[in-house]
Amino acid sequence: MSAIKAGQPGILAGLLAITRRDLLLAWKRPGDVLNPLFFFAMVCTLFPLAVGPSAEQLTFSGPGVLWVAALLSTLLSLNSLFMSDHEDGSLDQLLVSPQPLPVLALGKTLAHWLISGFPLVLISPLLAITYRMPSDIMGVLMLTLLLGTISLSLLGSIGAALTVGLHRGTALLSLLILPLAMPVLLLGANTVSLAAGNDIYSTGIWALGAYAVGSISLAPYATAAALRISNE
Amino acid sequence: MWKFFHQLASPPHFYRLAATLIPWLAVPGVLLIAYGAYAGLFLVSADYQQGDAFRIIYVHVPSAYLSMMAYMMMAVGGGIGLIWRMKLAHAVGAAAAPLGAAFTFLALVTGSIWGRPMWGTWWEWGDPRMTSELILLFLYFGYMALRSSIDDTAKADKASAVLALVGVVNVVIVHFSVEWWSSLHQGQTVFKKGTMDADMRIPLFAMLIGFSLIFGAMLVSRLRTEVLFRERRTRWVRELVLSPEGGK
Amino acid sequence: MDALAMGNYGAYVWSCFGLTLIVVVLSAWRARARHKHVYREIEVQIKALEEHQ
Amino acid sequence: MTAKLSARKLTLIRGESCLFQGLEFSLSRGELLLLEGQNGSGKTSLMRAIAGMLSLESGEIFWNDVPVSDQRQEFHGSLVWLAHRTGLKGDLTLVENLRFEGALRRQADVDPATIFERLGIARLKSLPLRSLSAGQQRRVALARMMMADVPLWLMDEPFTNLDREGRQLVMDLTEEHLASGGMCVMAAHQDVKVDATVIRVNLS
C-alpha cells in the first residue's frame, strides 16, 4: 500500500504554504510585526535612562541589555503564535491535515521568526550604536542574535503550544520559557562581550549554532505533541 | 515479574501496598539521618581548610542530589506515561514536583549559608552549581504552574510530561553553558570532590541513603493521595470509604 | 559547649541543619495533611451521595 | 480495495462524564453515518475522536481495517472535516484561504470556478472572509470540502447558518458524494433526507 497517494502535496509544499499563509496574515496586520520591534527598542531605551548615560557603562553592559531585550520581545510576540489559529478553528484543521504536524509547526515558527526575530536582528546594530559598542563587533552581535532568536522562537513555540487555550496563558508562558531560554541568553550575551573585549569568542558561536540546529530538529516534535495535547 | 508490575500499577493494589510501604521507608530513613547527622556534626573532625563549616555538606549534598533525582523522576514518569499511557507514571510527576522544589530550595539556601563564611557573600553568581540549581528551581515552578492551570487531569498530565521532557534536556544544556560562563569569569571553587577521608564519607553516604528513603516515603505518600483523588469516582474508592475500617 | 559553637561557624552549621529539619518535617506533614484532606473530601461526597439515594 | 471506516468498542470519557461506552459502527462506500442526539450528547466529541483529535478511553477506530493510530497521516489524507468553526482565516480572501488548503491536501480535478458558481460565492472571491456573512463563510467551508479529493467527509452540524436553499444544497452535495462512492459522517439534530444507505447512531 502506497503511503501517500499520488498527487498528495509533499512536505516542502506544506511547509512553504503555511509559512506563506502566516506571512500574508502578518502583512495584513502590520501592527503585530511592529509591536515586538518597538518593545525591543523601548527596553533598550529604558536601560540608559535608569543607569545614566555614562559611555563606559553602556559599552560594558550593551550586549547584555540588547540580549535581554531580544529575549523579552520574542517572548512577548510568542503568545499569539497559535492563539488566532486556536480561536477560529484553523488549528483543528491543521491537526487533521495530511501534512505531518511537526512540519506545520516548524513552518509556523519559521514565519513567526521571519516577522519578529529577523527584523530585530536587522535593527540591532542601530541600537548597538547608541550603546557605543565598537562597530567591528556588529557582525558578531547580529550573528549571535540570528542564531539565538531562531532557538528562542522554536523553544517558545513549545511553550506557546502548551499554553494555547489557557486563560492565564501569557504569564504562564513566560514562566515556562524563561528558564529554558537562559542558556541561549547566557551564550549569546557573553559571546558578544567576549568579542567586544577582543577575546576568543568562537566557542560561543559554535554552541549557539549547535543549539539552533538542535532546536530546529527537535523542538517541532515537542510543539506538535503539545498542540495535540492542548487541543484535545 | 511482569505480573508484579501490573499489579503495582493497579490503583487499589498500589493504594494498599503504599500504606504498608511508607513506614518501611520512613523508619530506616530517619534512623540513617539521625546517625548521619550526629556523626557529621560531632564525630567527624573538622576539615583543615573549611573548618567546621564543611559539616553543611551533610545536608547540602543530599538535598542537591534529590533536587535532581526528583526532576529525573518527573521526566521519566512523564515519558512512561506518554508512551505507555500509564496513569500512575503521570501521578509520579505530580507527586514529585513539590518535593523536588522543596529540596532544590534547601540546596540553594544551605549552599548560600555555606557560601557566607567561605566566600564572604550570601550569593555568588560565579558558582556554576548554584546558578544551575536556581534555574532548576524555576523549572520546578514552571512545571507546577502549568499543572495547576489545566483543570482536566489527563490533559495536565500530558502537557506537563512534555514540559518535563523538554526541561530535562535543558538541564544538561544549562549545566554546561553555566560552567562555560563561570569559567569566563573565574568562578570560585566549590566543594572539591575526592578530598574526603573515609570517616567523613561514611556519614555522608548515610545521609544520602537516609534522605533518599525519606524522600521515597514522602513520594509514596503523595502518590497515594494522587491515586485516591484521581480514582475518586471509582467503585473501589467508594467501597474503601464505606467499609467499616475506612482508611486513614 | 565548644562542640556546639564549632569554631565561628556554629550559627551557619546549625541554621542549615535546623532549616533542613524544618523543611523535611513540613513536607512530610503536608503530605499527610493533604492525604487526610483529600480523603475527607471524598468521604463527604460519597456519603452525601449514598444518603441521597 | 474497498474503503471502510469502522469502530470497535469505543468508550470516551470527558471530564467526569462518560459520553459513550462500547460504541461500534461500520461504514462502507456510498453510506452515510448519521450521529443523532441532543446537544451535549457527545456528537462533536465522537467526530473529534474519529478525526483523531481526542484520545479514547478504550476502543479503536479503523480505516480499511488498519487502526487509525497506526496510519494517522494516510487517514488524514483521506478525509476532510467540516467543523463547527470554519477554520478559515478572516483576514484572507476566499482564494487565498483555499489556495492554502490546496497545498495541504490533494485536490479534486474540477474547476474551482464551477464550484464557486454553484455555491453562489463566485462574486465574493476577492473579499476578506471577515466581511462575509456567517452563511457565506459556511459556503466557503463547503467549497473547501468539495475541492478536496478525499473519500470521507466529516460534517459537524453542516446546516447551521444556512438558509433553506443552502440546507438543500448540503443534502444534494452529500448525495452526490455518496453516489460517487464517497462516505459521510454527519452530526445533525434535524432530519436528513438523503437517497442513500443511512446508518444511524443515537448517542442520547
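By written order: A, B, C and D. Residues from 1 in each chain.
Definition applied: a contact is a pair of C-beta atoms (placed from the backbone, for glycine too) under 8 Å apart; a residue touches a chain by one contact, two chains touch by 3 or more.
Note that the structure is a prediction, hence the values are computed from the model and not measured.
Setting subunit B aside and leaving every other chain in place, the chains that still touch one another form these groups: A, D | C. Between A-D and A-B, more C-beta contact pairs are found at A-D.
The chain with its CA mean position farthest from that of subunit D is C.
For the pair subunit A and subunit D, the distance between C-alpha centroids works out to 36 Å. Centre-to-centre separation between subunit B and subunit D, using Cα means, comes to 48 Å.
Subunit A and subunit C have Cα centroids separated by 42 Å. Centre-to-centre, using mean CA coordinates, subunit A is 32 Å away from subunit B.
Multi-chain contact residues of subunit B (touching two or more other chains): 152. In subunit C, no residue touches at least two other chains. In subunit D, the residues touching two or more other chains are 55. Only residues 26, 37, 41-42, 46, 51-53, 55-56, 58-60, 63, 98-99, 102, 105-106, 109-110, 113-114, 116-117, 214, 217-218, 221-222, 224-225, 228-229, 232, 237-238, 241-242, 246-248 of subunit B touch subunit C when the two sit together in their complex. For subunit C in complex with subunit B, the touching residues are 3, 6-10, 12-13, 15-17, 19-20, 23-24, 26-28, 30-32, 34-36, 38-39, 42-43, 45-47, 50. Per the touch definition, subunit A reaches subunit B in the complex via residues 158, 162-163, 166-168, 172, 175-176, 178-180, 182-183, 186-187, 190, 194, 203, 207, 211, 218, 222, 225-226, 229-230, 232. The residues of subunit A lying in touch with subunit D in their complex are 3-5, 7-9, 13-14, 16-18, 20-21, 24-25, 28-29, 88-93, 95-100, 228, 231-232. Interface residues of subunit B facing subunit A in the complex, by the touch rule stated above, are 82, 135, 138-139, 141-142, 145-146, 149-150, 152, 155, 158-159, 162-163, 165-167, 169-170, 173-174, 177-178, 180-181, 184.
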